[in-house]
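Next come two complexes, and both contain subunit A; in the first it sits with subunit B, in the second with subunit C.
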Partner chain A sequence: MARILLKNITKRWGDFVAVDRQSLDIKDREFLVLLGPSGCGKTTTMRMIAGLEEPTAGEVWIGDRMVNDDLPKDRDVAMVFQNYGLYPHMSVFNNIAYPLKIRKSVPRSRIPELVNEAAERVELVPFLHRRPRELSGGQRQRVALARAIVREPQAFLMDEPLSNLDAKLRVTMRAELKHLSHELQITTVYVTHDQIEAMTLADRIGVMNEGKIRQLGTPDEIYNDPANIFVADFIGSPSMNLISGRVEGHQFVTVDRHELTRTAMGAMSQAVLGVRAEDIHVVAAGSGDVDGQVYAAENTGENVVLTLQLGGQRITCKEDRYIRFSIGETVGLKFDSNKNYLFDPSTGDRVRSPGN
Partner chain B sequence: MRDNTLKYLLVLPAILVVFATAVWPLIQSFRFSLFQGRLTRPGFPQGFLGFENYVWALTEEPAFWNSVAVTAVYTVLTVGLTVALALGLALLLVPGGRFRMSVQTLLILPFAMSPALIGVSFRFMFNPEFGLFDAFFGLVIPPLADISWLSDPVLAFAVCVMADVWGWIPFLTLVLIGGLAAIPRDTIEAAQVDGASGWQVFRDVTIPQLLPVLAVVIILKSIFSLKTFDQIYMLTNGGPGTATQTLSHYVYFNGLKYGQLGYSAAVAWLMVIPMIFLTYAYAKLVFRRTQQ
Partner chain C sequence: MSAASRRKFWRTAQAVVIVIAVAIMIIPIIWIFMAAFKSHVDVYQLKLLFKPTFSNFATVFASPYKLGDKLVNSTIVATTTVAIAIPVATLASYSFSRFRMRGETTMLVMILATQFVPAVVIVLPFFVMFRDVGLLDTRTGLVLVNLAIVMPFAIWMIKGFIDGIPIDTEEAAMVDGSTRLQVIRNIVLPMAAPGLITSGIFCFIIAWNEFLFALIITNKESVTLPIGLALFKAEEGDLWNLLSAAGIIIMLPMFVLALIIRRHFVQGMTMGAVR
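After this line comes the complex of A and B, so read on.
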């Protein structure tokens, strides 16, 4: 168990910068998720912690050791790979036992007991004598997990471990992972592009884009207090409405001169208003802040996602699943003036009023 | 016309050609092996002997057993050395890098040379008067100067092995590069993180996953080593004495030089026995892989 510290690590391949002078302090026993679109550098960051990739510059610390020059085998971390990385020629038992055998950290006689214990945790005991190819995707994933938890490493590194599973299994395995991490209390770095995984599993999330962490915070902070347009746009489904316009006398006005809602800031000549779909309410035409026409209504089962045309803008909002709309219908929109965010379109950064 | 009839009609020419060029000669050579068939005497083949030619080779001919031994040692050495060196080269080349493509292209060159040509050029290079190797050893290790490589039984055998290994390494390297590249990268990385050293990764993860390809390579090379003829013929012609006389060379010598066609046909059929085993193993491995 250990703290992991990254000091200004950079990874470059030729002209391409995968990770750009990134620092990160992962606390002991913390579950940290690196979240971002593909190519944002999250996997590269993790591989530099594992030692599978050498940083071009910067330092990687695990515990109180600088591990830049250590081989992966000497870093004492356990990794779960996206494609599981199981040894196809070994039985499930031998797959799980391999790190124990190779490290000789426990006496040989204890190996069966430890393997059984790990297999029990992930409900694999009946499959110990099978080969990986005789298992389903979810079972293979559990073998990979068992191989990681069979010893007590300094940290777990998980590289999109659920992305190859089907949607239903992913939800079950997510809960199992959450339970497991709660039981084991070992520092974990988890890479994913799935925001639900990030939100549900993380103690803290680092949202990455173009080689840098754009915001680091608890799931709550990331969702409710986004620091910039990228994070606001990336988190949430449907993604946050980002509406261009300006602020005049604490009032947000769209480029088509629709007055939408009151804002904390007094005046901005150029602004982007961010509002989550669930913070806009549909009311009868004429009784809200502004009127719009229904462009599309999608019933997802748990609710209705409504796309509204408002001049040149489209706005999405989430409504109760029992309400039905017809296309072209005019409805009123009511904004919650406490739940909106203003961004500076030139920098993409959040604009906060003094004292807020 | 029914599709089925057409199907058989279409493959018929190919079957006829194979029959005329492979099956018929095989049957004929088996028939000869049961007769006393001397080209030097009138009325070929002469008398029916049953399996006497076979018994003669196995019990009365030290030269036959000599060539069996030569072929066996030659096969073990060439297969072992070629596969080991090719695997080493493949491991060096598989990570890629700037020069990989050029090295790979250069590697093809020795394989593009005909074995007979390799034999001739090695004979020249080991010539004690104007050979390249002689000049090289004379320069680096003076006591080895002017050694007549090809007239010493052991050295001549070594030269044959060396020429064959040189000619075959490139092809096997290319096959093994393919095999290594097909091993999932994350199994290797998983082993590294699990705590395995470079050697342990190689032993526990790389080799077991390469085994099917390695087996095919070993069997294929064994077949080619067992039937080596042209290179030996050009390089040493079986000599000095019979020190490098492989079975194929022995068959050729007895059949076409001494005219004992019946006897040499019998020896050729004895050679078929290990070949059948190897071909069967090869076919089984290859078909199992394509079925998977």
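After this line comes the complex of A and C, so read on.
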């Protein structure tokens, strides 16, 4: 178990910058999720921690050691790969036992006991004699997990471990991972592009884009207190409404001169208002802050997602699943004046009023 | 013609074509098989019923032909060639497959390009060089020549198999605690084994059948089986019965290897990854 420290690490391939002077302090026993779209540098960051990629600049620390020059085998981390990376010519037992055998960290006689213990944790005991190709996707995933937990590494590194599973299995395995990480209490770095995985598993989330962490915080902070337009837009489904306009006398006015809601800031000549779909309520036409026309109504089963046309912009909101709307219908919108965010469109950063 | 009878016609036509194709390939081999067991007088007669004799085999192994010596030479040369070529080619292929280096593609193409040079063109320089360093008519010289012939082939073939091993598997082994050499020994070699066996057998066959270089650079001590066949040209003409017996001795190991390769080749093709 250990703290992982990244100091200004950079990875470049020619002109392409995959990770750009990134620093990160991962606490002992923390479950940190790196979240971002593909190509944002999250996997590269993890591979630099594992030693599978050499940083162009910067330092990687695991525990109290600088490990830049250490081979992957000497870093004492365990990794779960997206494609599992199982050894197809070995039985499940030998797959799980491999790290113990190769490291000689435990006496040979204890190996069966440890393998069984790990297999039990992920419910693989009946399959120990099988080859990986005789297992289903979910079972292979468990083998990869068991191989990681069979020894007690300094840290776990998980690279999109659930992305090859079907949707239903992914939800089950997610819960199992959560349970497992709670039991094992080992520092974990988890890479994913799935925001639900990030929200549910993480102690802290680092939202990455273009080689940099754009915001680092608890799931709660990331969701309810986004630091910039990228994070606001990336987290949440449907994604947050981002409406262009300006602020006059604590009032947000869209580019089409619709007055929407009161804001904390007094005046901004250019602003982007961020409002989550669930923080806008549909009321009878004329009785809300503004009126709009129904552009589309989608029933997802648990909600109705409504897209409204408001001048040149579209706004989505989530409504109770029993309410029905017809396209073209005029409805009123009521904004929750406490639950909106203002961003500076030139920098993309959040604008906060002093004292808020 | 009805649809059914037309179908029957085509099926018969297919069968006839296949039978003819197989016959063209098989009949010479059958002829050799029969000739090997015929006495000298029967060889030129196409009779199917004859009294088989093993005397041809006894004759080819006896003086003056001493095919046994050639068999030993061929076996040593082909086996040594494979024993050196496969490990070296495996390491080379692994490097080509897994490490990025300057001029990698050029090197790979150059290796392949050596195969485009007609052997007749380079056999004379080989002869001159070997004469100067005293390698003429030695098995060492033959092994060197054969290595030059099979290495490019082995490197390309094995690289194909190693490319098929997912990199994840190797990286997992490294994170699990293996050095690069342990990865090669514990992961790459077992996974590429069907490919290595297939390549080894192909190289053995090439070295075993190699004729041109052996003809030029050997004359007495290290003559191989294919060259040995030339011994059976006598004043009274070609000794077909002895030639056939020797031919069978050359072919037998190939049949056995072909059977082995068939099994491993399929395995090699379907090896693939667990995803």
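By definition in this document, the second predicted complex is superposed on the first by the 356 of 356 C-alpha atoms of A that agree within 3 Å, B and C clash if a C-alpha of one lies under 4 Å from a C-alpha of the other, contacts with A are read in each partner's own complex, and residues count from 1 in each chain.
Everything below uses one rule, namely that contacts are C-beta pairs under 8 Å (C-beta built on N, C-alpha and C of every residue); 3 or more make two chains touch, one makes a residue touch a chain.
Only a predicted model underlies this, so the values are computations on that prediction, with no experimental measurement involved.
**Q** Following the superposition defined at the top, how do subunit B and subunit C come out on subunit A, clash or fit?
**A** Aligned on subunit A, subunit B and subunit C clash with each other.
**Q** So, A:81: does it touch subunit B (first), subunit C (second), both, or neither?
**A** Once the two structures are laid over each other on A, A:81 reaches both partners.
**Q** Between subunit B (first) and subunit C (second), which does A:102 come into contact with in this model arrangement: first, second, both, or neither?
**A** A:102: touches subunit B and subunit C.
**Q** Of the two partner chains, subunit B (first) and subunit C (second), which one does A:345 touch, if any: first, second, both, or neither?
**A** In the superposition, A:345 contacts neither subunit B nor subunit C.
**Q** Based on the superposed arrangement, let me know which partner A:164 touches: subunit B (first), subunit C (second), both, or neither?
**A** second
**Q** Of the two partner chains, subunit B (first) and subunit C (second), which one does A:140 touch, if any: first, second, both, or neither?
**A** In the superposition, A:140 touches subunit C alone.
**Q** Check whether A:89 is in contact with subunit B, with subunit C, with both or with neither, and answer first, second, both or neither.
**A** So A:89 meets both subunit B and subunit C here.
**Q** Could you say whether A:238 touches subunit B, subunit C, both of them, or neither, answering first, second, both or neither?
**A** neither
**Q** Taking the contacts subunit A makes with subunit B in one complex and with subunit C in the other, which residues are shared?
**A** 50-52, 71-73, 75, 77-79, 81-89, 98-99, 102-103, 147, 157.
**Q** Applying the document's contact rule, which stretches of subunit C touch subunit A when the two form their complex?
**A** 166, 168-169, 171-179, 182, 186-187, 190-191, 273-275
**Q** Could you list, by residue number, the parts of subunit A that touch subunit C in their complex?
**A** These residues of subunit A touch subunit C: 50-52, 71-73, 75, 77-79, 81-89, 98-99, 102-103, 132-133, 140, 144, 147, 157, 164.
**Q** Which stretch or stretches of subunit A touch subunit B in the complex?
**A** 50-52, 71-73, 75, 77-79, 81-89, 98-99, 102-103, 147, 157
**Q** Going by the contact rule set out above, which residues of subunit B touch subunit A in the complex?
**A** 184, 186-187, 189-197, 200, 204-205, 208-209, 211
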